[in-house]
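In the two complexes that follow, chain A is the common piece, with chain B as its partner first and chain C second.
Right, the complex of A and B next:
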């Protein structure tokens, strides 16, 4: 169980990115992390991974996250974390050496699924291929908790949809996914739980089965939490039209 | 230790071949300049080895090559299109120790650069001495040139252990400076010591004042800076983001 208790993060320039996040992620959950730009999604993931200092407590099965258990977490980020001068095969070997639970079979299958070349440096990959490779590494590391931050920014919809289907087929019961994305409608049938961040705190947390029981869509829930004003477009257009006159 | 060596391998892949290419390139340019100066020399007054080295401006080529090698050694820290620090900091290796070992790896590559320049100059000297008029050279010519030419003395200090220590500590401090540059960049910080150190090393290498005190002073300063790097790489910093 990954538990975050009152996690706060204030950057040096004074911006408060997280204002006391409380969240628990259990084994086997597929959780969507949503929020507007600047809501703190990326900061939250970096705090979990120890890439940023924070206040509060983050534990993995009761123990703080240290180099001893960090291998139980993997990270796919749109900023990318691979070595550009290494080939895909070089990454596979590197990960094998550092992560004893590396999933060779899954790596090969996903490389094949995305049709990525094994012996070309990642630098020479297209932007979409780089995203795909980042995700492949995160899924193949053998981690229990897989954090994905906008992993498919820049990929076409067919690749994304197919990937979600493949992912559902390959995930093992103990693997937990925390997926940060803006693509609500795409992932609503893939995730089992939606966590909504707003101004650095958890503003909403609901399972998709709860939503189904209540007859609400994920989009409705998000709009409700963020107090979405459906008439904002027409009001803005009215104002702009007035200005022109 | 195996995990550390493995963690160093992506950096090694990025720097080893480039260092070798720069070293060989610098050696080729030095050879070309050496032969250019030699070909223009009047036969009436045969040149001496140290004059050829000085007039060929071989030390400038060495300095330029050294700066290029330092440029190659900081490539693992540039993170072009990828934040490799996110991966390095998720490994079970201690990042401070990793950076120190990367500094040692860099120092070894700088020693390789030094060795290749030395071999190149010894081959050029050997060629010159074997083709020169026997009346103008002796078996002592190379030995004497090593004490007369500041550049040749820097490359091959012979019994001058003070210069040898200066060079070795210079390689170590430059290697650590390159590693510290990469380390601090991964953490979003700046490390401004590399450039001045590289310039001092490049300019100071062929300077020989004939006084061991200066060489020993340089060695002590270099070792103190190494100590600073050791502390800055293994210490805890408040400005992690």
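Right, the complex of A and C next:
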């Protein structure tokens, strides 16, 4: 269980990115992390991974995250964390060396599925292929908790669809996914739980089965939490039209 | 061997090119030190031939600033870890991966081990060039013209720029 208790993060310039996040992720969950730009999604993931200093407590099965258990977390980011000048095979060897639970079979299968070349440097890949490779590494590391920060930014719809299907097919019962994305409608059938961040705090947390029971879509839920004003576009257009006249 | 050398630098870093450049710099530094010394040795020999009462200065004085190029090479090698560290921001944020490795020292090891090896090689090559020039000093200059203490101030060579 990954537990975040009152996690706060304030950047040097005074911006408070996280204002006391309380969240727990259990084994086998597929959780969507949603929020507007600047809500704190990326900061939250970086705090979990120890890439940023924070206040509060983050524990993995009751223990703080240290080099001893950090291999149980993996990370796929739209900023990419691979080595551009290294080949895919080079990455496989690097991961094998540092992560004893690296899943060779899964890596080979995913590379094959996405038809990515093993012996070309990653910098020669297209934008979509780079994203695919980033996710392949995160999935193959052998981690129990896989954090994904907008991993499909720049991928076409067919690629993304394929990925969701493959993910659902290969994930083992103990593997947890925390997926940050803006593609609400696309992932609503893939995730089991939606966590909404707003101004650095958890503004909503609901399972998709609860939403289904209530007859609401994920989009409706998000709009409700964020107090989305559906008439704001028409009001803005009216205003603009008046100005012209 | 190739794998072992590659592990001394960040993953994907063109270490072969770094070692080639380092080797080239050491060769040039060695040649500069030896030819610089030979040039002054030759001047002393000419003086001894044409002027009575000519003398041979101590080795350290004759060697002068022969290690200048080695110092420049060493300075570049000392700055190399900075470039190796910044490499983890080039084209991606591989720093994220390096900072979440179970072996925390891996990032620093890969930034420092290669330059440390090059620095040791630079110091060794500099020491060898001094030794070689000391042999030339004894072989090329007449023994009866050498000063009383030909090796006086030899430690100062390292400080001379």
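Things to note:
In the analysis below, the second predicted complex is superposed on the first by the 245 of 245 C-alpha atoms of A that agree within 3 Å, B and C clash if a C-alpha of one lies under 4 Å from a C-alpha of the other, contacts with A are read in each partner's own complex, and residues count from 1 in each chain.
Basically, contacts are C-beta pairs under 8 Å (C-beta built on N, C-alpha and C of every residue); 3 or more make two chains touch, one makes a residue touch a chain.
What you see is a predicted model, and the numbers here were worked out from it, not measured in a lab.
On the shared subunit chain A, the superposed partners chain B and chain C overlap sterically.
Applying the stated contact rule after C-alpha superposition, one finds that A:64 touches neither chain B nor chain C. In the superposed pair of complexes, A:192 makes contact with neither chain B nor chain C. Of the two partner chains placed by the overlay, chain B and chain C both lie in contact with A:98.
Once the two complexes are laid over each other on the shared chain, residue contacts for A:52 go to chain B alone; chain C is not touched. In the superposition on chain A, A:80 makes contact with both chain B and chain C. Looking at the shared chain after the overlay, A:12 reaches chain B, while chain C stays out of its contact range.
Residue overlap on chain A between its contacts with chain B in one complex and with chain C in the other: 49-51, 67-68, 70-71, 73, 75, 77, 79-86, 90, 94, 98, 122-123. By the touch criterion given at the top, residues 10-14, 90-97, 99-104, 106 of chain C touch chain A in their complex.
Across the complex, chain A meets chain C through its residues 49-51, 67-68, 70-71, 73, 75, 77, 79-86, 90-91, 94, 98-99, 121-123. Those residues of chain A that touch chain B in the shared complex are 11-12, 49-53, 67-68, 70-71, 73-75, 77, 79-86, 90, 94, 97-98, 122-123, 130. Per the touch definition, chain B reaches chain A in the complex via residues 2-3, 6-7, 9-10, 13-14, 80-87, 89-94, 239-241.
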